[in-house]
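The data blocks that follow each hold one structure.
In what follows, chain A forms one complex with chain B and a second complex with chain C.
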Partner chain A sequence: MRRLLRTLSKTKAALLSLVVLFFFCIMAISASALAPRDPYQIALEKRLIPPAWVSGGTSEHLLGTDSLGRDILSRVVYGARISIVVGLSAVSISSCLGVMLGMVAGYYGRGIDKVLMRLADIQLAFPSIILYIAVMAILGSGLLHIIMVLGITGWVAYGRLVRGQVISYREKEFVEAARAMGATNLRIMTHHIFPNITAPIIIIATTSVAGNILAEASLSFLGLGVPPSVPSWGSMLAEGREYMRIAWWLPVFPGLAIMLVVLAINIVGDWLRDYLDPRLKL
Partner chain B sequence: MRTNWRISMVVLAVLSVLPFSYAFCSPATTTVPEKVVILQGIDIVSLDPVYFESGPGHNIARHIFNTLVRRNPYSLEIESDLATSWELIDDLTWEFKLRKGVVFHNGEPFNAAAAKFTIERANARPTWGMKQVALDKVETLDDYTLRVITKAPRANMLTFLLDLYLMPLDYYKTTSEDKMATQPVGSGPYEFVEWVRDDHITLKAFPEYWEGSPVVKTLVWRVVPEASSRIAELETGAADIIADVPPDQILQVENIENATLMRVPSGYRMQMGMRHDEGPLQNTLVRQAINYAVNVDSIIQYLMQGNAVRMTSVLNPPYLNPNLKAYPYDPDKAKELLAEAGYPNGFKLVLESPSGRYVKDVATVQAIASDLQKVGIDAEVKVFEWSVFIDMMLANELRDMWYLGMGPYYEGQLELNNYAGAYPQFKWYNTEFETLWDELCTTMDDAERTEILYKIQDLFLADPPALMLWKGVNLYGVKANVDWAINKVGIYLYRSE
Partner chain C sequence: MLQYIGQRLMQLPLVLLGISALTFGLMFISGDPTAMIMGTNWTPEEIAQFRHELGFDRLWPVQYLDFVGSAVHGDLGDSLRQHRPVLELIAERLPATIQLGTAALLISVTLAIPVGVLSATRRNTIYDTVSRLGALLGQSLPDFWLGLMLILAFGVYLRWLPVSGRGGLTHVILPAVTMSAYFLARNMRLVRSSLLEILGQDYITTARAKGLPGWAVLYKHALRNALIPVVTIIGLQVGRLLGGAVIVETIFAWPGVGRLVFQAISSKDIPVVQGCVITMAMSCVFFNLVVDVAYSFIDPQIRYG
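So, the complex of A and B:
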């Protein structure tokens, strides 16, 4: 009975998180329709207007304006686009790369396995944020570069997991059977092993979306992300930090947006893990 | 703007009285701190005396080194430093009598040989203004008499010497470039102790300084890029002087007990430099259009909160032509000019901004970009760390427009030298200017020079080589017990016992 209650409450949180995520996705997709103003529109005479409910605020700018008079609500709405684009595309790149390399390493073993896993070890031993900074410093800032950096460096988590799974499936009877029937290695990997390991991949992918959103925010915060005019939650936060003491609304709203999305994704990821993990099923 | 000038006049008046008022304070009532901590937004690139390129760098250099002549920090008159007197022998020959009894921090004596070495070493550097001196040779008549001979007459010889930091001959002759960049030895009031890059530089009083050992025994120059952190440190007492208070946070500094806000007109000429040896910026009409398109007054009013003076000419007094009018804000006129120049649909431009070097640098460049977009120019903002930015400038890699403040020299020729090609990306491709410049370089008579400089200023408005913005007003937060005034040349804290 207690266990049931616990799962229920967890499901409630997951449900709420799904609603939040859905809401942010809608925001990202229809930003141009939802945002009340042009997020790039600079109007110096309207700078640092507080949110509507604070004295001095106007209903024209619900969440106030930033140091260049841009509408914060519109920028937060457009910021969702950057975050979600970065989160999803980096995950697609790193999961494809990781799954491929992990499968090759696990299935063929021997030399190629050793080389790939040592590569993964080296990368894991390196603090990821320093790696990002180094690569961004060489490539230069920009949205595409962020996606590439996060995408390419993110393969390790998938690679190691997939390798382990493949090793355990490699010797299973159904794989043996397929091999005996003359299936090629490629066919065995894609048609027989892969369908069995999708669940953990989906879980890792979900949680790393949150990680990537945070990484983009951190890089933009450090000034290595998107150009300063592009509304990104991280760069809004960085700019707002200068104004923390005189205009709290500058850092608070992008900060809240980051927190909500990352929290929601993590809760959903948690719930997915419970749901997909056969050992936790009663 | 007028009130600004009034404020600055009051500040100047106060500043010029301060050194005298100090004389009336008995040492018992003044508590002079043993150590003064100064926070600036950027670190220097090198401590090699011929490589100081930024205002914050010169602030530090002035405490470590002496020069032959210097500007009085209050009156801005050129006065003697290690040259006690000077004389123009003929149009090409300057003779300097040097101060006797001056020693460098490492014990080497200062003499004509050291001065000769310094001038020759600076002259060998490709980026330094010295190359415009057209130096022929330096002669030492005796230990304390120096002759500088130029290939062409140089009326503004003395201003070239203002940033020429004198070096001990033996040390700089025998030391590797790497060590020179990190271990400076000068003859100034403070000796170098340590430099932790991007963190701090520590200087200690030099007891044998020729003007007398300094009262404050230790100076610590710390790098704190974040303006709000600088203010917080002033509040907690960790800092005594902070540079570049953002105009938005003036109130915060004024509310700190035991601290005051100082507004000092800096003479820094803020502008968007333009590279016009390529692309649409080659066209005069385009450069005029850009000057019409940007609402500079609005940026001064809202972003700088009035703490800047609109620039009508690139020069500072005394050669500033007071009758010039800045470009009015007229986006329609800008569009017309762009269409006339053959760009009715605009074009792409990259705007480069250093980050953290100047008050509201990135925000300013974004505001400028937004104004340019309104007239159809597709302006993209790129932001660089100061050290990266300055490296790009020295390597001639800035393009198409970039935000930069040019330091004040209060002398027309030196203030124009970028446009004559001191840094190639600023070069102004205008034949009339080139003729006037050549004339200026060889004219010795001050009235004639003024006339030429007025002509150049007219030309500067007619065929603008840059987007002229404003002359800065430096905002400092200063603790009350630091009774030294921050002066017009920057931060200079020396006071003898």
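So, the complex of A and C:
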């Protein structure tokens, strides 16, 4: 832990990114306290007010208002909730599923391995966004549906990685020793192999959070994510697209928020990879 | 090698069958499309007649086998909305998607290699820092947002470039740049890291010790090997490129397969969705196979077996 903090203090970009992520997490958790206005409150007489620093803007609405007069800053603050909830929940589901299936495939091999890896091949043959769009079009929009779709389809990356790692570990001496001492297969997998393969799983999980946030925003942008009334960065961008010729601020701010979060996660992911696997540091 | 290619070819029908089953299954569980197509102003008899005409009243295994059988013969059915063969619709839109994808790949490769090489050879300089930051930014930019910002800047304010539809060369610039941003960033990082790894190897030190000039070491010895993983990754990017096409083509009203599939999903035009998804998935499988096999030719150290 001390080494982790020491290397972190030397990597300014990663430290700054962690601060940014912390800020967005706080924003998501205490959105109701931080947002200056009700993000759902419609005020047609205040529609399309530009940001405060542009002529015609008002300090009442720092980032301006949308086509229904809703405060953009408040909607961006609430939007963090959707992005962070989707990003973390989907990663939790896909990592659990992928690690479990990858362990079973790698440890037991044979038929089960072949079936699972062919399933992975089939899924990888689909461009992921097409798969998301097709499934969301069937299930209908909704936060839970997005989390389930991203969570379940995300297993492949973990599954393939864990399978490869387990194969390389299952014949090692310490595993043989545990087996000779009468440890069950489940115990060998969870207590002896798993602790050795957590580093690459953490790296994939970090970058997957960014991928899931982008996927949620893409689906919401296409009208297949959360319902348009719910403040989500993707759906705000979709609305902004319609009005951007007369109100540039509509698509700019939610997009900036997505970019900042994803950039921060990518930088932290890079730093984690360098820290956990120094051989990759170049 | 031949054994490996044979093995991969043997697996191909299984993967294709899986793709068709998944596509068919997804569309099947979406419910009865007749209700969506016909609306509410029809009698139950008329709906039953319509279902019978389209074959939706048959058992699903029969519908699936019929679907696979026809697909094998190149018949992907007719569009429920446009009343034209799906294959014809896809063939009509495919050139636009290929044009856009090729332009995006060309932009990303022609820029990523020189920028990556310069970044690696000038490691830890301001140039390296800026290009690495640029690459990180490129990987973090949502393509739909980048597209909107480019439309805003070059279409709405500067009025330099057209922002929708397919026409002359100018029409392809904005969508291709939008689509290439991610790949440019990723390929640049890959070229940089791959070249740095190679430059640290013993045979490069030997080449330098022999007195070879720096450019000869870089281009004749290092870069050739450093580009091997890049070639592989570029081949594997076809899937993401096709996925990205859905969003980019929708934003720029580009008449390609991506936009066709999105419109078909929105209007529940099942045969078109199935046809497009199968075409895209098959393209991915095909390119992955080609890359896998080509990899062993490019890198003689790799032997499959």
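Simple rule for what comes next: the second predicted complex is superposed on the first by the 268 of 282 C-alpha atoms of A that agree within 3 Å, B and C clash if a C-alpha of one lies under 4 Å from a C-alpha of the other, contacts with A are read in each partner's own complex, and residues count from 1 in each chain.
FYI, a contact is a pair of C-beta atoms (placed from the backbone, for glycine too) under 8 Å apart; a residue touches a chain by one contact, two chains touch by 3 or more.
In this text, all values refer to a predicted model and were calculated from it rather than measured experimentally.
Novice: Using the superposition on chain A described above, determine whether A:R241 touches chain B (first), chain C (second), both, or neither.
Specialist: So A:R241 meets both chain B and chain C here.
Novice: Under the stated touch criterion, which partner chain does A:A125 make contact with: chain B (first), chain C (second), both, or neither?
Specialist: second
Novice: First (chain B), second (chain C), both or neither: which does A:I133 touch?
Specialist: So A:I133 only meets chain C here.
Novice: Quick one: classify A:T65 as touching chain B (first), chain C (second), both or neither.
Specialist: So A:T65 meets neither chain B nor chain C here.
Novice: Please indicate which partner A:I42 is in contact with in the superposed arrangement: first for chain B, second for chain C, both, or neither.
Specialist: first
Novice: Once the shared chain is lined up, is A:P228 touching chain B (first), chain C (second), both, or neither of them?
Specialist: In the superposition, A:P228 contacts chain B only.
Novice: For chain A, which side has the bigger count of touched residues, chain B or chain C?
Specialist: The partner with more contacted residues on chain A is C.
Novice: Have a look at where A:S89 lands relative to chain B and chain C in the superposition and call it first, second, both or neither.
Specialist: In the superposed model, A:S89 contacts neither chain B nor chain C.
Novice: Which partner does A:S74 contact after superposing on A: first (chain B), second (chain C), both, neither?
Specialist: neither
Novice: Shared contact residues on chain A, chain B side and chain C side combined as an intersection?
Specialist: In chain A, residues 223, 241, 244-245 are touched by chain B and also by chain C.
Novice: If we count contacts the way the header does, which residues on chain A are in touch with chain C in the complex?
Specialist: Interface residues on the chain A side: 118-119, 121-130, 133-135, 137-138, 210, 214, 217-218, 221-223, 237, 240-241, 244-245, 248, 251-252, 255, 258-259, 262-263, 266-267, 270, 282.
Novice: How about chain C: which of its residues touch chain A in the complex?
Specialist: Against chain A, the touching part of chain C is residues 11, 14-15, 18-19, 22-23, 26-27, 29-30, 136-137, 139-142, 144-145, 148-149, 151-152, 156, 192-193, 196-197, 239-240, 242-244, 246-247, 250-251, 261-262, 265-266, 268, 273, 277, 280-282, 284-285, 288.
Novice: Can you tell me which positions in chain B touch chain A when the two form their complex?
Specialist: It is residues 226-228, 246, 248-249, 251-252, 295, 298-299, 301-303, 355, 362-363, 366-367, 369-370, 380-383, 385 of chain B that touch chain A.
Novice: Can you check the complex and tell me which residues of chain A touch chain B?
Specialist: The contact residues of chain A facing chain B are 40-42, 44-45, 47-48, 67-69, 223, 227-229, 241-246.
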